[in-house]
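These are the structures, in structure tokens.
Presented sequentially are two complexes of chain A, the first with chain B as partner and the second with chain C.
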Partner chain A sequence: MAPDLSVITVAVALPFVAAAATPLLHRALGERTGFAGAVVALASFGLLLTQVGERGAVSFVWVPSLDVAARFYVDGWALLFALLASGIGALVFAYSRSYMHGDEHLARYYATLLAFMGSILGVALAADLVLVFLFWELTSVASFVLIGHHTDSDASRYSARMAMVVTVGGGLCLLAGLLVLAVAADPALGERTFDLSAMIASADAMEAALRERGLFVPALALFGVAAGAKSAQVPLHFWLPNAMVAPTPVSAFLHSATMVKVGIYFVGRLRPLLLSPEWTYLFATVGLLTMTVGAVLAVAATDVKQLLAYSTASHLGLMVAAFGFENAYGAEAGSFHLLSHAAFKAALFLVAGIVAHEAGTRHIDSLSGLWRDLPVTAAIAGVTALSMAGIPPFSGFYSKELLFEAAYELAHYDGGLTWVFPVTAVIASVFTVVYSLRFLSIFLGDRPADADPVHRAPALLVAPPAVLALVTAVVSVSPGVAVDAIVQSAVDATAVGDAELHVGLPDHVSPPVVMSAISIGVGAAAYGVGDRLRAGIGAATDRDPLGANWWYDRLLNGAEAASARVSPLIHDGSLRTYVSWSVTAAAALALLGYAATVAGLPPVGRTVPPTMALVLAVAGVAAVSVMVAPSHVAEVLTLSILGFMVAIFYILASAPDLALTQLVVETLVLLIFLLVIEQLPAFYGDIPRGVLARDAAVSLFVGVTVFLTVLLAGREATAEPTAVARYYATEAVPQGGGTNVVNVILVDFRGFDTLGEIVVIAVAAISVLVLIIMRNRGETQ
Partner chain B sequence: MKTTARIVVPIVFVVAISLLLQGHNLPGGGFIGGVLTTGAFALIYVAHGLDYLEVGVLGRDVEPGAGVFEHRTVTAYERAFILGLAIAIGSGFAALLFGEPFLSQTYEIVHDVPIYHEIELATALVFDVGVYLVVVGGLLTILSVVGAE
Partner chain C sequence: MSVLLAAVVGGLFAIGTFLILRRDLVKVVLGVAVLTQGANVYLITMGGIEPGSFDTVPVLATHGDYVPDTADPLVQALVLTAIVISFGTTALALALTYRAYQENETMDVHQWR
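Then we have the complex of A and B:
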């Protein structure tokens, strides 16, 4: 059955509408706007829930001439992601009501959060590449605004900019990759289209077309960078820990459950299209590397949120690696972990928010024994952290089993170097166990004697993570429920061929079971020597060139310094410099264009009537005398001789409209020159020879370009008029009702151009007014 | 200079208006007419100064010492180009009312008019008047503000 277009559209559009209405809502509701956001999220959630089980594409045309349509594609994978985003969104809005109590910029906060949720739903459901890119970038922008929520803090601004640079930079790679896909769709599907669902439907033809043009690996690399930047894969992972300066609900929502999963989601979406050995090497390698690096750094973290951030990167790596494996277990592990990770990690972030809120610190070493004061929170943390560690029978265990299975399967068949994959996965899991236990340790043991008293958390803060913990518990106890409800259909959408997902506790010893046993055993043992482990990791990673942050700073500072050096050369505030740069650049571009497109020069051998020759000769003499004129008045007058000669030339060439315009404009310019000429200095001083030579070279260059342009673009006077010219000439009277073709073109056939031109005149007048008013007010900067 | 201006300026105005009106069939049009009108105004400025229109023609008093932006003439110019832009865009939207694309033009030939016998009324003229007003208003704003410096 086909999905319902109106339901999908409303579900995606509703958060945007609510975002636009948020300032008004905030005025009416105050801090209770959070509940309104939760209602909106629940409404979207409910609408999407009605579509579960549907599969298919729906669309309405948006830009027909470019084949851009608002296409939505609904299947299990899209719905899983969209339901997660709206469901966790509802909880985060409810949590924000209490957590963001007393914040000054609540309207902005909620509006951005709502717009973000709409964009995420858009990414999940869009099937048109243009739409996907649009929503993808919108999530980056929303993340930028939310990370920089505390606008007066340097750390916020620095981290927001970093997230923006990395994720939007990745977004540009996505754009390039999408265009590659659109180009390949031309031979593969018979038309140039942006329809992703059509591409996936004929995946083999697409892959063949990409390979034939040598675009397969570039496309793969572009998508790798895009997804890696968005989903914090090594070496682009560094923005995610920095993004933790955002308010905790934002961290829980954007930086663990949804936005960072956009990359994963898209990898899963493209998996049927691009699955190949290259795909496995790229994504399995990057994913497992990220999984290990993230887990190691999480062990060394000292801040609760930082620990969770690195852990998120590590788990994102797990999902990327899972989707990287070509066998069906990969798709199963990725889809299942998308659900279980979103549930337990969002809950853990919200728990971290409660701890920071009630205990007043996020420093792990100064926290312990919180279970006495925060018993419910401790229980939530217990369920979710054990799931994060992958301890049976919690939900994280099943996804880890599936990943081990996928890695083992690959190594078992391919042998050789591929054994690195399962080994790395086990090492990463060992560290995962260590940091999960470390997170739990803040709740265990006794309270430090000198600690501040801990308040009991309000019910509104505890309820959202409790719901998520409940979900985790249900998935843990009976994973079959989740599988039947939606995960199996998500697997169908991301796997190639049939894949029947079976999860449950193992009943016999198999290689993945052994791998799990090793990681839990070694992890628990390593936790015992945790301090020495942390010291070792700290010492090993405490070198600048090892930190991606350091490279980012260097790159950015370098770019800033370079532009500071280059920019005075190009715009130094002197009009003459601007003119020489812009005309040289324009001429160079034009020449490049000719070099690329024009085969040869047309023959030069035209006869010029003697009258025209005379007029042009006078114009030439006037041009030379402008340069040697002794005073400004003489310069202006000779310049207008040149202009009038051009007007006469137009008359001779039978272009009365042009001649008239030229005459009138020339007169006006002369008058204006005479008005301002008193203000100019009489003598500029001696010009250095170098400057003189440079100016002459620029002038010559521009002159040659213009001459070439005329040669190439001009037509013989005797040549047949082009189709366009004929059309204008014959249709002017019947269609425009005017015998002056020039005027009919201006006001009728191309009236829109003229409208643009008069807008330019109006803008110029306004700019002059503004410039002079600003100067009069002394606003020189 | 003043004598020349006195004789030339009215002629220039008439020519400019006729260029605007006949533009559809003979050389001319809103842009040329506008620039020519601006030329006439510029001539007045060179001959008489900015206040001439207020004091000499309309017989009003000008506040001495007020800045060029408070000058009533300059305000009038600003209004002229805004009005022109509004007319041009409005004429474009008028086409939408008749179900035509934005800025579509049409014309109607009216017969049996005294003296002229027949007159062509083109909707393009409305658009051209808009162009004319924008050119006159915009250029004169620039001219008077820069000229006042």
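Then we have the complex of A and C:
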């Protein structure tokens, strides 16, 4: 059964409408706007829930001739992501009601959060490449506003700009990649289209077309950068920990469950289209590298949110790596972990928010024994952190098991260097266990004697993470429920061929079970020497060139310094500088364009008729005289000769209307010039030799460029008339009722253009009038 | 395409650019006017130039069915618009020049930074 277009459209549009209405809502509801947001999110969630099980594309055609349409594609993968975004969205809105209490900019906060949620739903459901790009960038913009929520804090502005630069930079790569796909769709699908669902439907033809044009690897690299920037993959991971300056609900929503998953989502979406050995090497390598680097840095983190941020990067790496593997386990691990990670990580962030809110600090070393004061929160943290660590029987264990299976399978078949994959996965999992236990340690043990008293958390703060912990617990206890409900259909959408997802506790010893046992055992042992481990990691990573932050700062400062040096050179307020740069650049670009597309100079055509040659020669001489004339009057008179010669040229070129207009205009221009220059003094500055040489060089360059382009682009008289010229000539009488084709074009076919032209003349006339008459009147009074 | 035609158009562009780069404001306005002429001729050459005849003028002789291969009417319509607009801009530029001189008492573009 096909999905319902109206339901999908309403689900995506509702958050945007609500975002637009938020200022009004906020005026009416005040801080309770958070509940309104939760209602909107729940409405979208409910609407999407009715579509579970559907699969297919629906579209709303806008400009059919240009193939512009709002297309939506619904399948398990899209719905899983969209349901997570709206479901967690509802919880985050409810949490914000209490957490953001007393904030000054609540209207902006809720409006952006709503718009962000709508964009995520858009990315998840859009099947049109243009629409995908639009929503993708909207998430970056919304994230920028939310990270920079505290506009008066330097750290906040710095981090917001960093996230913007990295993710929007990745978005540009996405745009380039999408255009490559659209180009390849031309031979593969028989038409140039932006329809992603059609491309995925004929994946083999698309891949063949891409490879034939040598565009496969570039497209893969572009999507890799785009997804890597969005999903914080090494070496573009550094914006994510910085983004933790945002309010905690934002971190929980954007930077654990939704925005950073956009890259993952898109990797999963493109997986059936681009799966190949290159795909595996790119994504499995980057993913496992990120998984390890993120886990190691999380172990060394000192701040609760920072730990969770690095851990998020690490888990995103897990999902990217999973989708990188070509076998069915890869798609299963990625899809299953999308669900389990979203649930436990959002809960952990909300827990971190509660801890910061009630204990007044996020510093790990000064927190311990919180279970006495925050028992429910501690229980939530227990379930979710153990799931994060991948301890059986919690949900994270199943996805890790599937990843080990996928990595082992690949290494088992390919052998050789591919054994690096499973080994790296185990190493990363060891560190995952260490930092998960470290996170739990803030709840265990005794309160430090000198600590401030901890308040009990309000129910409204505890309920949302409790719901997520409940989800985690259900997925942990009976993963089959989640699989049957939606994960299996997500796997179907991302896997190639048949993939039957089975998750559950292992009943016999297999290589992945051994790998899990190693990582848990070594991880628990390594936690015992945690302090030395942290000191070692700190010492090893405490070098500037190792930090991606350092490179980012250098790049940005370098760009700022360079533009500060360059800008006075190209715009210094002098007309000559502006003209020189712009005409030289325009001419150079034109030449480049021709150099790239034209093979050689065409044979020189017939010469012009002798009369025309004579007229043109006189026009050329007149132009030279304008340049060298000794006085303004001589300049104007020679300019007039040039104009009249051009008028005669129009007559010879079969354009009587132009000649008539030119004669009238030239006469008028001559009169106006003579009237004006009578009032002006002659100005004869000496021209320094260097300036003269430079100006002559610029002018000659422009002249030569124009000369070449006329030779290359000018139409031969013997060529057939263009279709549009022929159209106007033949349709002038039937449609316009006039025999003068030029006049019919001006007043009939392109009547609005002529209206615009008349407006321009009228505006110019009024301006002249104001400049000459009214200004004088004002001065004399 | 004829070399002479290309050379004249190129020459008009070069001279126009050179004049715009001068310090005397009147020369700048003259440069714009020369460039305009060059651009108009350039546009006409894009339609193809052949020796004029009764048939090539885009004014049809009859209301009948026969439509000869005329010179490109579209570029002529474009240039007609361009001529009129350039007249407006030249007049405005001259008025501005006049006012600018009254205000600043100099014609030197470089002294207005």
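Convention: the second predicted complex is superposed on the first by the 604 of 781 C-alpha atoms of A that agree within 3 Å, B and C clash if a C-alpha of one lies under 4 Å from a C-alpha of the other, contacts with A are read in each partner's own complex, and residues count from 1 in each chain.
Going forward, contacts are C-beta pairs under 8 Å (C-beta built on N, C-alpha and C of every residue); 3 or more make two chains touch, one makes a residue touch a chain.
Quick caveat, the model's predicted, so the values are computed rather than measured.
Once chain A of one complex is fitted onto chain A of the other, the partner contacts of A:653 are limited to chain C, with no touch recorded for chain B. By the touch criterion stated above, A:677 is placed in contact with chain C alone, chain B being left untouched.
More chain A residues lie in contact with C than with the other chain of the pair chain B and chain C.
In the superposed pair of complexes, A:511 makes contact with neither chain B nor chain C. Of the two partner chains placed around the shared chain by superposition, chain B is the only one that A:773 touches, whereas chain C remains out of contact.
In the superposition on chain A, A:53 makes contact with neither chain B nor chain C. After overlaying the two complexes on the shared chain, residue contacts for A:547 are found with neither chain B nor chain C.
When both complexes are overlaid on chain A, the residue A:169 reaches neither chain B nor chain C.
Of the two partner chains placed around the shared chain by superposition, chain B and chain C are both touched by A:665.
After overlaying the two complexes on the shared chain, residue contacts for A:741 are found with chain C alone; chain B is out of touch.
Shared contact residues of chain A with chain B and chain C: 656-657, 661, 665, 668, 672, 676, 679, 739-740, 742, 746, 754, 761, 764-765, 768, 772.
Interface residues of chain A facing chain B in the complex, by the touch rule stated above, are 656-657, 660-661, 664-665, 667-668, 671-672, 674-676, 679, 736-740, 742-744, 746-748, 751-752, 754-755, 758-759, 761-762, 764-765, 768-769, 772-773, 776. Across the interface of their complex, chain A is touched by residues 19, 23-32, 35-36, 38-39, 42-43, 45-46, 67-69, 78, 81-82, 84-85, 88-89, 92, 102-103, 105-107, 109, 120, 122, 124, 127-128, 130-131, 134-135, 137-139, 141-143, 145-147, 149 of chain B.
Within the complex formed with chain A, the chain C residues making contact are 1-15, 17-28, 30, 33-34, 37-38, 40-42, 44-53, 56-63, 67, 69-74, 76-77, 79-81, 83-92, 94-99, 101, 106-110, 113.
Residues of chain A that touch chain C in their complex: 572-576, 579-580, 583, 602, 604-609, 612-613, 616-617, 619-620, 623-624, 626-627, 632, 635-636, 639, 642-643, 646, 649-658, 661-662, 665, 668-669, 672-673, 676-677, 679-685, 687, 695-696, 698-700, 702-708, 710-711, 713-719, 721-722, 724-725, 728-730, 732-733, 739-742, 745-746, 750, 753-754, 757, 760-761, 764-765, 767-768, 771-772, 775.
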